[in-house]
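In what comes next, chain A is part of two complexes: it sits with chain B in the first one and with chain C in the second one.
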Partner chain A sequence: MIRDFSLIWQSADRLLDGLINTVLLSLVGAVLALALGALLAIPLMASNPVLRLVSRGFVDLMRCVPFLMLTYLVYYGLPRLGLRFDNWTAGLVAIVVYNTAYMAEIIRGIWSRLERETIEAAVAFGFHGWRLVSRIILPQIVLAAGPMIGNQLIQIIKDTAFLTIIAVPELTHAANSIQAQYFIPFATFITAVLLYWALCMLVEVGVYAVERIAEKRR
Partner chain B sequence: MTDTASESRDAPVLAPVLEISGLTKTFDDKVVLDGVSLTVARGQTVCLLGPSGSGKSTLLRCVNWLEKPDQGTVLLCGERIGMRPGGVVPMGNAELAKLRMRMGTVFQHFNLWPHLTVLQNIIEAPVHVQKRRREEVIAEAEALLENVGLADKRDAFPSRLSGGQKQRVGIARALAMKPELLLFDEPTSALDPELVGEVVAVMKSLSQAGSTMLVVTHEMGFARETADKVVLMDGGRVVEEGGPEEFFGNPRTERARQFLQRYVSA
Partner chain C sequence: MTLNAFLSLLNGAGVTISVSLAGIALGVPFGLALALLRWQRVPLLAPLATVYVSLLRSTPAVTLCLLIFFALPVIGIEIDALSAAVATLALNTAAFNCEIWRSGLMNFSRDQIEAARTFGMSGPLTFRRIIFPQLWRTCLPSLVNEMTLLIKSSTAIAVIGVAEITRAAIRIGAQTYDPLPPMLVATGIYIVLVLVFVGLQRFTERVYGHAGGAA
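The block that comes next holds the complex of A and B.
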């Protein structure tokens, strides 16, 4: 067993590469999904029924499709339509498209429950434009949405593991290839599991910080 | 007129701070304001009374252009609100904000910003809208908190306050703007009866200190003792206006008599 872990230690650079890719895919994917989700929340909240129907249709579709299936579609399916990505980009596209729907739904939920009156009060006091958004609206949304966005980030980190199926060199892929080389499944996979767990703990710490800030204000 | 001394000091005596004339507003076929005219002179406290649905809140919301009236004009110290000079081109948000920051509004449901502390609520608009120096505004805010008896709540969040305390913060927040006009929309209606007194006391002292105030209220005691002028609205119109003694003692219209019977005896 000691020998197994020393083999892992020798392959640390591969695991580290995988870990970095997992972190990059998760973070870049989450940030893009959050930004696009915020945009998508606008038609979800629109008074125009066509806009609402179309955006709602997309969100509901994404929530019913298994992530693995969407990944297959992006990587194997889209080239048939002339859209060809390398593995890494295909993985990122799948993550972003999939999670944009979830983020939009999170933001729409918070937004619709945000007290209109506090926003109107700010307008009455002379707030408008970006300053209204950045000082009054966004802080309230972030405080309310922090925990849900954190949960989604954890979901994204776990979903990146599926990308091994299209040979994206992320953590699961690295672990797989190390175990295939040395046949030390327990040591390899437990190491990978611990690394995923460490990532999630980092997210949890962030969520906890936001929650503490929000709690004082409730 | 309760305070003649301060009035003779503030010459010209009756310079209007707010002049509303011929205001109409229709919400899908329902006429909510039907040619309302109303003047508030400098240093005056005008109480706006009327049954539910008579258009009082809508009138206040038209004053700071949260609601766009269909017709009529609103002047703040002689400057037209909502329309550029000439009265054809509507103002943009930035121009409106310049006028709005000269008024302070106190809301029925307080509408404090929940993510900010009491002190931050008070300094938020003076610092970020009026762009005044932060240290200066903080010093003023602390003095205001002292005045409304909430110095010890400086760093509390609004959620931790009672209704009466929230409303006193709401008043301090409005005062921190150094407004030329204070607008109150039923500031005590959402309070438990035992908390009404503390808010009314603050409003009375403001009125006595010479603030210019337009107050929508159902507190007849406050109107009778504090108002320089009482205005009764019904069905989107002003049905009677006059001094408090005259209005409460000897109302001219049948409508005012009915209203007083319902609200004062109740």
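The block that comes next holds the complex of A and C.
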């Protein structure tokens, strides 16, 4: 067993590459999905019924489709329509499209529970339009959404493992190629699992820090 | 897409459903056992259960599936792909089910437990007669919600070659050089499956109370 782990230590650079790709895909994916989700939350909250129906339809569709299925649709299905991505980009596109729906739903949930009073007070103080959104509404949403966005980020980190199936060189893919080369599956996958655990712990520590800030601002 | 292709997708749906149900049947009681260990603060086993839940909740289903399928034979346990698939889903969902059962146990009224003890009921008897009949009703909506998530993560077992819906769609796509139609049909099947569980969740919520999350 010790010999197995020393073999893994020798291939540490490959695992590290995988880890970096996992982190990169998760972070870039989460940030883009959050930005697009914030935009999508606007039609979700719109008074226009057509806008609301279309955006709600997209969100509910994404919540019913398994992530791997969407990845396949992006990777194998879209080239039929003339959109061709390499595996890495296809993976990122799938993460962003999928999680935009989840982020939008998180933001909508908090938005609809936002207190009217603070917004009315802000309007009375002369805030309106973008300044109202960026100075009054968004900070409240971000602080309240912290734990939920953190949970979603953990979900994204776990979902990136699916991308091994379309040969994106992320952590699980790296682990799988190392175990296939040396035939030491136990040690490699345990190492991968522990690395995922560490990543998720980091996210939880981050969420805790945001919660502390939110508590102070109250 | 031919009728044959459609039939093999339906066959895949059968595999997805049976593997998921087997995972649920094993994972829900295992989750309850873990929750009881933590709730009773059993020495040695309770901290182990805590670590298990934390570890499994952050392990991707794909990675867990590969670990079980490739690593168990190395330590002398022969396992076929289908059993590895069921084990993956069961071990994964048990960690989430443990948290659901545990929150139900934590919110259980202390008065009733103390009353049962006053009447001379033993611990196990109190659990069987007093706690469990109420506990499963409060936990059911959340458990069904977790089952919906399990259906979606069951695609992970395609990685070890189990011929479930996703795998069937890929194979048909590779044979016909036209991946879009089988994938859209497969997506449709998943949507139907998930909607059945969402309907079930709404039903249990109406009958037994409210769940925490959403699908």
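Quick note on the criterion: the second predicted complex is superposed on the first by the 211 of 218 C-alpha atoms of A that agree within 3 Å, B and C clash if a C-alpha of one lies under 4 Å from a C-alpha of the other, contacts with A are read in each partner's own complex, and residues count from 1 in each chain.
One rule holds for everything that comes next: a contact is a pair of C-beta atoms (placed from the backbone, for glycine too) under 8 Å apart; a residue touches a chain by one contact, two chains touch by 3 or more.
Note that this is a predicted model, so its numbers are computed, not measured.
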Quiz item: A:L143 contacts which: chain B (first), chain C (second), both, neither?
Solution: first
Quiz prompt | Touching partner for A:E117 - first (chain B), second (chain C), both, neither | solution = first
Quiz item: Which partner does A:Y72 reach: the first (chain B), the second (chain C), both, or neither?
Solution: second
Practice problem: Mind working out whether A:F127 is in touch with chain B, chain C, both or neither, as first, second, both or neither? | Solution: first
Exercise. Identify which of chain B and chain C touches the larger number of residues of chain A.
Key: C
Quiz prompt | Which of chain B and chain C A:C200 touches, first, second, both or neither | solution = second
Practice problem: Go through the superposed model and pick first if A:R217 touches only chain B, second if only chain C, both, or neither. | Solution: first
Practice problem: Enumerate the contact residues on chain B facing chain A in the complex. | Solution: 64, 66, 93-94, 96-98, 100-101, 103-105, 107, 109, 111-115, 124-125, 128-130, 157-159, 173, 177
Quiz item: Considering the complex alone, what residue numbers of chain C touch chain A?
Solution: 54-55, 57-64, 66-67, 70-71, 74-75, 151-156, 158-159, 166, 169-170, 173, 178-180, 183-184, 186-187, 190-191, 194-195, 198, 214-215
Quiz item: For the complex, which residues does chain A have touching chain C?
Solution: 61, 63-69, 72-73, 76-77, 80, 105, 154, 157-162, 164-165, 171-172, 175-176, 179, 183-186, 189-190, 192-193, 196-197, 199-201
Quiz item: How about chain A: which of its residues touch chain B in the complex?
Solution: 115, 117-118, 120-129, 131, 135-136, 139-140, 143, 216-218
